[in-house]
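Step one of this worksheet: look at the structure below.
Should a chain be cited, it is by its letter among A, B, C and D, assigned in written order, with residues numbered from 1 in that chain.
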Amino acid sequence: MARGPAAGPRAVLAYLIRRLFAAAVMLVVIILVVFGIFFLVPRWAGVDPATMFVGKQADPAAIEAVRQKLGLADPIFAQVWEFFRGLFVGRTYSGGGDVTECAAPCFGYSFRSEQAIWPVLTDRFPVTLALALGAAVLWLLFGVAAGVLSALKRGSLWDRGAMIVALGGVSLPIYFTGLLSLAIFSYGLGWIDGQYVPLEESFSGWFGGMILPWVTLAFLYAAMYARITRATMLEVLGEDYIRTARAKGLTEPVVIGKHAMRSTMTPILTMLGMDLGALIGGAILTETTFSLPGLGQAVLKAISDKDLPIILGVTLITSLAVIVANLLVDLLYAVIDPRVRLS
Amino acid sequence: MSTQRTTGRRKQAVAAAAVVAALLSTAACGGGNDDKDGGSKSGAAGFNAANNKVAQASLAKKGGTLKFASAQDADSWDTTRGYYGFMWNFSRYYSRQLVTNNAEAGADGAKVTPDLASSTAKISDDGKTYTYTLRDGITWEDGKPITSKDVKYGIERVWAQDVLSGGPIYLQQVLDPKKTYKGPYKDKSADKLGLKAVETPDDKTIVFKLPEANSDFEEMLALTSASPVRQDKDTKSKYGLKPFSSGPYKFQSYTPNKNLTLVRNTEWKQSSDPVRKAYPDKITINFFTNANDLDQRLINGDYDLDLAQTGLSPQGRTTALKQHKENLDNPVSGYIRYAVFPQSVKPFDNEHCRKAVIYGADHESLQTARGGPVAGGDIGTNMLPPSVPGSEGQKYDPYESATTNKNGNVAKAKEELKACGKPNGFKTTIAVRNNKPVEVATAESLQASLKKIGVTVDIDQFDGAQTTGIIGSPSNVKKKGYGIIIMGWGPDFPSVQGYGLPLWSGDYILESGNNNFALIKEKAIDGLFKSYTKELDDAKKADIAKQINHKVMEGGYYLPFVFEKFINWRSSRLANVYTTDGYSGQYDFVNLGLKK
Amino acid sequence: MTAPLHEPTAEAAPSAAEEAALVAGSAEAKAVQGRSLGRIAWERLKRDKLALTGGIVVLVLIAIALLAPVITNLVGQDPETHHEDLIDPLFSTPTGSFGGISGDHLLGVEPVNGRDIFARIVYGARISLLVGFLSALVAVVLGTILGVLAGYFGGWVDAVVSRVMDGLLAFPQLLFIIALVSVMPNEMLGLTGTGVRLFVMIMVIGFFGWPYVGRVVRGQTLSLREREYVEAARSLGAGRFYILFKELLPNLVAPIIVYTTMMIPTNILTEAALSFLGVGVKPPTASWGQMLSSAIDYYDSDPMYMIIPGVAIFITVLSFNLFGDGVRDALDPKGSR
Amino acid sequence: MTELSKSGAAVGEPVKDSPAPSAFLEVRDLKVHFPTDDGLVKSVDGLTFSLEKGKTLGIVGESGSGKSVTSLGIMGLHTAGQYGKRKAQISGEIWLDGTELLSADPDYVRKLRGREMAMIFQDPLSALHPYYTIGQQIVEAYRIHHKVDKKTARRRAVEMLDRVGIPQPDKRVDSYPHEFSGGMRQRAMIAMSLVNNPELLIADEPTTALDVTVQAQILDLIRDLQKEFGSAVIVITHDLGVVAELSDDILVMYGGRCIERGPAEKVFYEPKHPYTWGLLGSMPRLDRDQTERLIPVKGSPPSLINLPSGCAFNPRCAYADVPKDNVTRTVRPELSVVGSQHWAACHMTQEQRERIWTEEIAPKL
């Protein structure tokens, strides 16, 4: 009967190892799939990837040389294997008397922009992270607040109004709201510069550049979170333990703010973890609209350039982010909800 | 119905002409005082004030940061690998050549002037030997002198196409057409200077020995790909990330697709350089992904000019034309936008079917799709760009595309179809790059107008990043049935050779990376090109260019859309601004100055 | 047994009214619901004005999409004819005010080529709805089959399906779809151009959508499996297949309907985003996302061109969302809203 | 002045406009109505009773009879936290220790909750917050009403857990509800309710969710604690057996009204209302075979929106036609004295009831 208060550290460790192993398998699958897409599909479509790397007046010999250097002539398994090896021990590309070193962790090397991918990722990751986190703070604040208020004033004008606005927010394409907000607040009224400035250059400039993307992105998500919060809060308010809390003589702010919120936040945190993870790779539209030099922008450019190594790198980093975020959420969940046991 | 429509059309055309005329006349007013460095309230020089003339030259001051913005990064900043026009233009900040384009406005800017060399080439009588002597005081960014061996090594790099792909290979084709040299990285000689065709008897002298004369050779040496590179600083494929500077500026930082900063090269001496004025202290480029955002930033004054020099996008163009006309120039780019008919795809093997399409096309609609007369350019009537000697502009209009037939001539088109044996029309496919919305728009326009003569077309938008692989492969073009390919072309250097050789010469039909999409293999044209390379007289060269152009047009291989023009933004801060034919109507970057 | 008279009462009674709620939760009440779930849901839906409005708009949109050629014929326009005479050659924008809105062109004309926006919006509805519905269908079919298999058979089948679902949910989907669509050939499976793109979009969006359905269906199947009546059916000697489809599927109808209605608007937005990014259907086929994408070049000089497709997307997605919300609430056995 | 039963609990016709009563708890003409889309749900429709300290009142009825609504009404939980919903309409009077609660300041009532009056809920698993330990929840309950530090409160929590019979209370205080068995959980719930020595304890179906063996333990516990603390206790249940053991008085509710009340032994051994007979008949007894339930209550609870006219029980009553002139279907019976301190609302005459009870019902029980 008497189980321990929570899973012990050993259980947590075992759980972590199991999850990390699953994550690794997952990443391998993702790598395989991405390789398949970019090497097998073009071949099927009759396009030689090597021709993407040569210029206007390229001759067949140059194309062949590029193919050699990039290892495009190797079987796909060999290419995948090389990629894996590169992740751990680094990798050397050579051809035509030129040697290019790519240190571990080598996520590949872009021959279009002559860069190792890892620095690109580490350079752009903070921008995307800042975008996602900043927006998350906003949407949590406003979305959850609006959701709670709607739940507490269920059926009121505020509730109906807020929920229709929220539904509207969910129904708007982000590039549409993004452009509108740029046109209005940046170009039109000139309130906000709306231009990305690196944080190390100027905090205020950075903040000014991030505010529109944050708000735009947060608007979409705040709408979703408001809806979820409202529904969850309503469900929680119907729970017996809320009635118990009242029966104890707790004041309403404590009942709502402590007892009800604690339960309401659990699914919200789950969502938050997944959304943050997804945003790290999925902020393509936002970053494009606002010209933010993040991962999404890099990958969109890479897709139009067919710069496979960058696409592969970003896809991996993103999947990793989603997996890590999910893992964190699961761990956090175990902390928040004592009923959850790590298994 | 149709009469009404024509009337409407005409009215429209008249109105449009009036607008354009009004624009240009105001511009003339604005342009009138450009010598007095006047301009508008904002300080901008006025509409077209820098178009083929120098605006506000005297206002340029030393110092400041010149800020470029761009929606596109260079293909590579490596002098050997870059092929984008703006890269060649920009590379003059950090790279010098033996000879370079004249720092002059308009057509004069396309002429060659000495740079590292003390004078233009001493050419032997047979036109096969070019000798240059380097001037004194020319240095690398570390203060060491630039030698003839550095120049030779830089040129040799063109041969290393397997490592340094992407750039123009004219020098290789002219100096070593048989490709006997394998490039410096596979060079067995100790100094890696094994290229026989180039000799460096001493550090100051360099001699080029051409197997066959080529009258445009010096133009080729003026290309960025002929820049010197120092062997100990050659990082091979990574050279483009930080080229070693021989010019007035050097790389401080560069993150591809993000930003680039140049700072003064303190070892560069003004006295050693007759071309570069080097006004600003610092030059930055910021890369954008949203073209509208970019334009808006330009208009707001956050940046000085667009690096890519492709003109404002429609929204920015409208805003700028309405509110900031004094900041605009409307230069001719030197590009011709056109449709080309591969002869390998039936029925385009028949010249009458090709001509049917040319007659059937609504040229004005195509022009509108390109952006109209101002932002798109004049209706293209032939295939020689206005900046190339021998060009006749709209005066040569074999299909009366800009006059009688500008809205298409259905009757004539039907006649040609009959002559082709397809009186009821046919089906074909237009291939168009998916990353060029304007080209897609022209494809749609062509599709709509060809419908009227019974020619139904599918539009296949192919991946613009794979242009060489898809339409550059004649077998693929045939397989896919691309009867019409929409493309554009600008001269690498302003001559019929620099423009038309890869497009029209039978020798240039390649299995991969082909640009002779029409697969033209006419003895007459090939012969004219041969005689052109041997001809040293400019007037005669121009005449040959004219003949080639006529031959191409008579064959009906091409449907030119426009002689491209674009609307280019210059900030009010800029001084000493001018467009140059040397870089396809772009501003001459290297001599831009700031007012403050 | 009992008269259902009290049923709606109990249903609507405040949750604090403990005893009333108890009635709602009683086995009897469940039996009533089980018998006439559709009718009760419909009763509830009829009362939800917003959901009804959404549903009506959805029906209108479907009608518009189906009757696109008829509608455009009625106004005498088609989506692909150019009207360059209505375009200002200098700015490439329509000469008429409000994006060239006139009696002939109800919503104005497109910049550059002067195509009729009304006709393009009407035809664009076809693409949006087609992709929205079919990809949801793909997701539902895949999700139902795999979810039922996983939930019913358990063991390694469940393990594999669950892992795949986790994996797909961890995939950066939009990125992936863009990448995939952008390398797809122009011709495949006898389709060309827009056909290929549509096919790929439908399949890929559907493919990434099925885990959401799969999870729910699996969970439902798991719990239903434990119920007596399935056991009973089994003991009567019914085959596994029979059990699956006769007993489980009817009980899965409600969650599947809910997820489908919620998935369609998301899919429509995804289609619009893909078209916006230039990997959607190909011109001259009209699509709202693509119109919005090209309208961005005229956001100030011809704002109507941007607003119209934007509003079209907005209204469509909003209507589906409103309707979906209503359906979800109506089918929610707890009736808690 | 209200007539008090000798047992001290309950009973007496409502006295209009009376002054503050002397009973510890007095409920007068309590009505709790909920407006809904379908009409007004009259969950409690005119209920009157009173209760003295140290005494126990059992309220019996089936689901939907209004017994839980009554208890929540006393606790003031119909008005607290009813956000945005159509609010419950409550009328009547609830006097607790000389104060009328319905008209009192809600915050004053809140302060009484947990301290003066506490409640034990039916399902301790759902009634305890799953994310907080038992200790945290008890400490919280204690500290709202006592200005003490956490340590003191925790000692008190351990003490209470010990008192309700939880083994190793100093350890279990840090356990979460889900780590307890059902019986232990209910003990913890009771500990939490009693932590402030409330004078009124309402136990709403305290044993329904528990095993039969555990039920007895919990009932014993409540009885013991009541003796110890001297509180007034209301036990709400659908199980007559539970109240018979525990209560001094019993009140039977049907359709939001009281249909019979009286001292426990009277109601249990000499019930005067057919519905009470039904409850007795459906009560499981150890001395009887479970299968032979002789007088089950047929049908389901009445709609609280449209109560059947006449006697609300008439559609389910086997003896609805015993009184003449169809009176059961037209006239609502009022409570009338049927014995000493014993009231019932039925149209049947005393004789008819006696006859049916002795001839038809009692033998089968």
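As a convention for this text, a residue touches a chain if its C-beta (ideal position, glycine included) is under 8 Å from a C-beta of that chain, and two chains touch if they have at least 3 such contacts.
Being a predicted model, the structure only gives us computed values, none of them experimental.
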item	value
Most central chain, Cα average position	A
Selected interface, B-C versus A-B, where C-beta contact pairs are more numerous	A-B
Computed distance of Cα centres, subunit B from subunit A, in Å	40
Separation of mean Cα positions, subunit C and subunit B [Å, integer]	48
Separation of subunit B from subunit D, taking each centre as the mean of its C-alpha atoms, in whole Å	92
Centroid spacing, where centroids are CA-atom means, of subunit A and subunit C in whole angstrom	24
Junction residues of subunit A - those touching two or more other chains	46, 179, 187, 243, 288, 300, 304, 306
Of all residues in subunit C, the ones touching two or more other chains	16, 182-183, 186, 296, 299-300
Residues of subunit D touching at least two other chains	72, 77, 85-86
Subunit A to subunit C touching residues, read off their complex	22, 26, 29-30, 34, 37-38, 41-42, 44-46, 164, 167-168, 170-173, 175-176, 179, 183, 187, 234-235, 238, 243, 274, 277-278, 281-282, 284-285, 288, 296, 299-300, 303-304, 306, 311, 314-315, 318-319, 322-323, 326
Touch list for subunit D against partner subunit A, complex	72, 75, 77, 80-81, 83-86, 107, 110-115, 118-119, 121, 123, 126-133, 140-141, 144-145, 172, 174-176, 178-181, 192
Complex interface listing, subunit A residues touching subunit D	1-3, 5, 151-156, 159, 237, 239-252, 255-256, 259, 262-263, 336-339
In the complex with subunit B, residue positions of subunit C that touch it	80-82, 84-85, 87-93, 95, 111-113, 182-183, 186, 192-193, 278, 282-284, 294, 296-301
Touching residues on subunit C, where the partner in the complex is subunit A	15-16, 50, 163, 166-167, 169-176, 178-180, 182-186, 265, 269, 272-273, 276-277, 289, 292, 296, 299-300, 306, 310, 313-314, 317-318, 321-322, 325, 336-337
